[in-house]
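Each of the next two complexes has chain A plus one more chain, namely chain B in the first and chain C in the second.
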Partner chain A sequence: MGGATSQYFGTFSESWSNPNVVPSVLDKPKHDPLFGFQNERETREIKASQDDLYWAKIPASRRDYCADHLIEFQRCRKQNYPFLSKCEHIKHEWDHCQNEDTILRMKEFERERRLLKREERKRLREEAVIQ
Partner chain B sequence: MNRLALIRSSIIFNQARSFSSSKPALVFAKDFKPGPYPETEAERRAAAKKYGLKPEDYQPYPNDGFGYGDYPNLGRISTDMKSDWGDYDDPYLKRNFGEPIVVTQEQLTAEKVTLRPQRVSFSNIIFWFLFGSVTYIGLHYLMWDYKCYIPLAPKQYPRDALNEGEKHFKI
Partner chain C sequence: MTSFYNHLMWFTFLFTSFCFSLLMSFYISYMNQALYVSINMFSLWNNEMSVSFYLDYMSSWFSTIILLISSVIMVYSYFYMAPYSKSVYFLWLTNLFIFSMLMVVNMSNLFFLMLGWDGLGLVSFFLIVYYQNQSSITSGMFTLLMNRLGDSFFLLTIALFFYTYPDLTMFSSNLTDFLSLTLLLLTFMTKSAIYPFSPWLPLAMAAPTPISALVHSSTLVTAGLYLMMRFSYLLYSSYTLMQLLLILSLFTSFYAGMNSIFEKDLKKMIALSTLSHLGFIGMAFSSGLLHLAFFHMLTHALFKSLLFMTMGDIMINLNHSQDIRYLSSGMLYTPMSCMVMYVSILNLLGLPNLSGYFSKDLVLEMMNYSSSSILVMLVLFMNVFFTYYYTYQLFFYSFQPIKVLPYQNFHSPMLGHTLCLFIMAISTLLFGFFFLSHICSLTLFYPVPLVNKSLPLFINLIMFLHLFLNTKLFTSNSPMLNYYFSNMMFLSNLMLTLSSNLYYNLSFMLVKSLEFGVLNYSLNSYPKMMFTHLSSYVLNLSTLNPMKSVLFMSSFMVLLSVLI
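Right after this comes the complex of A and B.
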């Protein structure tokens, strides 16, 4: 595999040439998330409840799986103002959580792509058998 | 700046009058008024001398009701069309002592408008404008089906996993 940029180019140029093999970036994955797993997959958890997010006034776009870090960060900012550098560590945790979330999205995309390719391979094999 | 230029050119204009007549002690607005349109050759010569021009260079505006009496028509020359490097008595107006000024001088100072011919023709401007528009809008529609994106699955939100709606797993 090439670097990150060549992977981007490879992905969307393949979506031009062979669109039914590349998953959409707008739609959620269509395959069963438990397909191919012998054991149970570990569920994503968030410590903060929806009520916590409401009362912390977290905007809808930030109510992701890192929102509990964000609540901690905002609380730290409020308590330590104006010495905001005391919250660097919490902010770093939040950033790290966002990074992990993005890596998870990359992995989900890759899983969906590989499942689509598997379906395409099976379909081509069946066509070859029929002919 | 405009008012200053007017006052200054008025003073110089008054000095120009002193070629032909004695300098008045008091100057009124009517003293700046040009004389009647010169009909005879002698009147033309007198008017040319009054404005400090040679008789063959003197050319009044046509007497069609919209003219300026005997004031000379100096052509469509704006200030910025004169040389930048001349040693002028008045560098702002690029004008020497006693030199007649064009009728619309206060509209034609260097920082306002120019009467120079355009470097690029209007049809040339329109052509390149349309060329650029068609190129970029055409590319937009040509590449409509060929999108570029970062390969990421949509972001997962805990609110979508509420009430067994969907399930989010780690990898």
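Right after this comes the complex of A and C.
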């Protein structure tokens, strides 16, 4: 992710000095998601169906793992418009889901970074042995 | 002299339109839908030319704000322009401008959007040169040339779009190649004064203050950013261009902030503040915060136009002196205008629960989650630091020992005038709190650490204490620094020299080769008589009535553009 709250100075300085260990923001992760896990990982599912997303007119950028909470929020908003303060608790649930999703993505970024660092260390060790 | 009833009539019409637009905005936000109206004008070689309106939450909310500001300006401009306006010329120009702006905001067809876009540039030129003195004509010409540069980029973009999608409808045109997107971005950057196209905005302060409040704070300058947001479905496909926009927008804010610290002209200082906020909105947009950037554009339009209006009030009492060092004298005679000015200043500072806090501070928090590096955050907070610095300068200059000017012109406030300011002040105070959830319903607000959350407030407090305890307000002892930053780092001089030299040299070449050469020889007969008769007709038209010449020129340009 490269977000400033995660690692202010680390990724910034490393992106210039050692770009091999900084995960790309634009591309997908290079490592297998199951690498290092003995048992299968918990699969994430989008609880809202494509039909629900279509009829609720959820934009493409918001069709993620928290879309079911968003649909509930939009429903509450429609029922209580313009008194939107009544939907604050549902909005908080959506915000909480998004926050947990962000933390998960930050952890995935950190995992990718540590795997890249591990590869870099192995590569340097092999080069030292050859020399 | 324009009568009050003319202004009142236009105020009534615009305020009614504002109420209707507000209801429309509520309805569109509630239904989460968009309205697309297309009227087929004519068909030409299998291509249909249609006037199409696209009314979604963006166009409806922006139209609402434009109509509110325009209606208030109608009444305000009567009190401000009363000694100067000798005909309905001013009123018609302002209304033509508002019409062009509403065209740009609501049109979906690129051709008619261009008409509104060109209209903005043309009418703003006539408004800037309203006072008809040397400085206003220089500023007006520079603004016009800058705007024409943007118009030429827009024409090229439309040509590229027409080649691939002859429809010219906004959302059906899906051209994402680098050239088209670059031209599109350059178009919007010229109008919104993103660096290096920034110098025209402070120069445009030669216009009357009501025009600065309407045009140069909230409508014309935000037209480019608004269309950037409209075309985000194309622009967001290019990461490189968004990175470039981020850097240029950040530098625009930095450039404006640095220059405003050394600026002692009130209107230029507020213009530089506007420039800083335009850079801020551009930066937010380029980082992916589309809805927050749009929301900040709306709140900024409200409190900046309010700031210009209150400044105009104070300046009237100072015999139109624009020096910030005499601000305290203005406060002595117009304490109410000053109090309303403080409402605008507090919004600029982003104090909690005001509109500026809901728009600006949210952008600062969400920037923590962008893919930008720490350097971007550092520059961003430096720009925030500059904002607080020049805003507090305004605040503290109003409390300085009174410096009374000779020949002061005391201007007693009138009820209508006071009501305008109050309407704007109340809108500014309430808009952020009540309308954030309407406009940014799908925006994600991630929680940030306490340090990041409190950093803007901390900088705010430090700046307040520094200027409060330091009785001698900021003045640099270095003449070099003063000379460099007071002249806007000489960018305007550079661009004026480059553009005007080229323009004048080309036109002299044309005159020598055509008028004194070929045309002189070939038209020395009946066609010459016809042309001289036509030119004398145009000359008479232009000297008779300014409005007629404006209408003639506008219709001629419309005809030309249709034919082209």
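As a convention for this text, the second predicted complex is superposed on the first by the 124 of 131 C-alpha atoms of A that agree within 3 Å, B and C clash if a C-alpha of one lies under 4 Å from a C-alpha of the other, contacts with A are read in each partner's own complex, and residues count from 1 in each chain.
Note that a residue touches a chain if its C-beta (ideal position, glycine included) is under 8 Å from a C-beta of that chain, and two chains touch if they have at least 3 such contacts.
Everything numeric in this text was worked out from a predicted model, so none of it was measured.
Look at A:Pro29: by the touch rule set out above, it reaches chain B but stays clear of chain C. Contacts of A:Asp64 after superposition: chain B is touched, whereas chain C is not reached. A simple residue count on chain A separates chain B from chain C, and the partner touching more is B.
Using the contact criterion defined above for the overlaid structures, shared-chain residue A:Glu108 touches chain B, although it does not reach chain C. In the superposition on chain A, contact is made by A:Ile46 with chain B only, not with chain C.
In the superposed model, A:Ala128 makes contact with neither chain B nor chain C.
Within chain A, the residues touching chain B in one complex and chain C in the other are 8, 11-12, 15, 25-26, 102.
By the touch criterion given at the top, residues 7-8, 11-12, 15-16, 23, 25-29, 33-34, 41-44, 46, 50, 63-65, 67, 101-102, 104-113 of chain A touch chain B in their complex. Within the complex formed with chain C, the residues of chain A that make contact are 1-5, 8-9, 11-12, 15, 25-26, 57, 59, 62, 70, 74, 77-78, 81-82, 84, 95, 98-99, 102.
For chain C in complex with chain A, the residues that touch the partner chain are 26, 29-30, 32-33, 239, 367-377, 437-438, 441-442, 444-449, 452. Those residues of chain B that touch chain A in the complex are listed here as 145-159, 161-162, 166-171.
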